[in-house]
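Before I ask anything, here is the structure I am working with.
The chains carry the letters A, B, C and D, assigned in the order they are written, with residues numbered from 1 in each.
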Amino acid sequence: MPLFDPKNPDFRAIAADTFDRQPAMRTLGISIARLEPGEVELSMAYSPDFTQQNGFVHAGVITAGLDNACGIAAFTLMPPGSDILTVEFKTNLLAPAKGERFVFRATVLRPGRTLTVCEGRAYAEHDGIETLVATMTGTLMALSRREPPPSSDRVRAPA
Amino acid sequence: MPLFDPKNPDFRAIAADTFDRQPAMRTLGISIARLEPGEVELSMAYSPDFTQQNGFVHAGVITAGLDNACGIAAFTLMPPGSDILTVEFKTNLLAPAKGERFVFRATVLRPGRTLTVCEGRAYAEHDGIETLVATMTGTLMALSRREPPPSSDRVRAPA
Amino acid sequence: MPLFDPKNPDFRAIAADTFDRQPAMRTLGISIARLEPGEVELSMAYSPDFTQQNGFVHAGVITAGLDNACGIAAFTLMPPGSDILTVEFKTNLLAPAKGERFVFRATVLRPGRTLTVCEGRAYAEHDGIETLVATMTGTLMALSRREPPPSSDRVRAPA
Amino acid sequence: MPLFDPKNPDFRAIAADTFDRQPAMRTLGISIARLEPGEVELSMAYSPDFTQQNGFVHAGVITAGLDNACGIAAFTLMPPGSDILTVEFKTNLLAPAKGERFVFRATVLRPGRTLTVCEGRAYAEHDGIETLVATMTGTLMALSRREPPPSSDRVRAPA
């Protein structure tokens, strides 16, 4: 039983299409494994191209997967004609991202007309065992496709 | 005048070497532009390979640059024989990451024996104008190179 | 020279009034020390009533001061008739909150029609010396006074 | 069945004692409702003294409850002779903190020798219904009681 009622009956096709229009996901080798209203699972194979100095997947790449899982989970609940923007996220790194495959699961904690809060978990699969390697809490913003992205009235100069 | 006294006279060579041993930085096209005790600037050229659905650089890639800038800034102040681990970070996305070049600047806010807190700012350079696109506050942990990375006694199963 | 142009010429009176209508600030002994467009300083005397087990001021109380400094700083730039809501914040605790007096300074990093991002710093004054004890990055949301606070369509049950 | 094996057989008495030695918890009217290895529930009655301008409980007070729930949850798994310090936390505010009673539940996500990561949820009870009002992810640090709290080698002047 799904946790949420999607406002857009085509949510699955539209979310998958938005995902597919992201070259970064293709470059990083991340794909959709599961897509439900307010819940998403993404999958990524290990690649030495995205590792840090100890051979683990770089925290920024893990964050890219988590952010996208959160964004797509939020997007499934938005009305037709929405675009989506990440406002902020926080990642806690719990264990080295070491494995053959990585899974990014996100669920909506609180859907809203403007802001949606999601929670993500990244797991590494190594020798058949899944280890929790990172968590994310993130805030996503719905934007009408006709509106331009919000731009600051005036951005403060760097300190 | 530098803000901090490095504990390792070779901090510059060692920080640059640690940076260079990260395949992810090479793949993302990120390089060191400036390296001082507790202060780092990294630089990245725009690449369509790392964009999201609107052609802006993906938030995860911006985060990878900020995380690495924070990590290297913290690393310049650590004693010889240290390895470094990211504990957590939070990114606020302030404007679309649109530009020809991106700059990631980080400074140490509080150096410590075990934990160091850093602040990062990401800027997009577009038509010669620099715009603040994201901020990070992150916690980094120093690890003796002989110690294994901390592993959990027991990791809780996913909820 | 102020960093920002306030949209509300009465910003000072209205921000001070909103602050004064918060019983929590009175109970915690926090008052406004300085109020400029996009910049705020709050002040709090030490009280043993708000300490943790080592006699330092509790992190939640430091966070209350930082959150309010961020909120008031954001509020000074909002148009007349706005109410304000905190979306999220992150606090890094850098040193024990030990002192006779505490100062909370916040500045707006990016003002927006809907969302404003602020940065706060908490300092402890002890024996005439000011120490940075905590930082905050927070997101604030402007709300028209006539709108009800956003309520979730359906809140997920706790995991 | 408890999720974790406590390293200290007296964890219950010691955690309750550490909680009781916090004057801030008494002032805020927060008490322990449930205490298990790695899991804590705190309870707080509504008080008008801790509200913001709309009569809801102030975000800083909700954060104080969440931070303490996380801290005590982490503390139950630490070895005898430990003291505990909050490194950082992030709070997302999901709904107005309006109710007669508030509950703060925290669980350990990843216990560690030095760092422990916890997750907290704050609920408001209003007319017999529990609403999720805030979430926290926080990092806690174990400290031997003999060690002084980590102090910075040199703290950077405010920008």
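Descriptive notes on the structure:
Basically, a contact is a pair of C-beta atoms (placed from the backbone, for glycine too) under 8 Å apart; a residue touches a chain by one contact, two chains touch by 3 or more.
Please read these numbers as outputs of a predicted model, since none were measured by experiment.
More than half of the contact pairs of A-B, counted by residue number, reappear in one of B-C, C-D or A-D; that pair is C-D. Over half of the residue numbers found at the chain C and chain D interface occur in both copies, marking it as a same-residue contact. With each centre defined as the average position of its C-alpha atoms, the distance from chain B to chain D rounds to 29 Å. Put simply, the C-alpha centre of chain C and that of chain D have 20 angstrom between them.
Counting partner chains per residue, chain B shows two or more touched chains at residues 87-88, 90, 92, 94-95, 109-110, 117, 132, 139, 152, 155-156.
Touching chain C in their complex are the following residues of chain A: 3-5, 38, 87-88, 90, 107-115, 117, 139, 141, 150, 152-156. Those residues of chain B lying in contact with chain C across their complex are 90, 92, 94-95, 109-110, 117, 119, 132, 135, 137, 139, 159. Residue ranges on chain C touching chain D, taken from their complex, read 18, 21-24, 27-28, 48-54, 57-61, 63-68, 83, 85-96, 105, 121, 123, 131-132, 149, 151-152, 155-156, 158.
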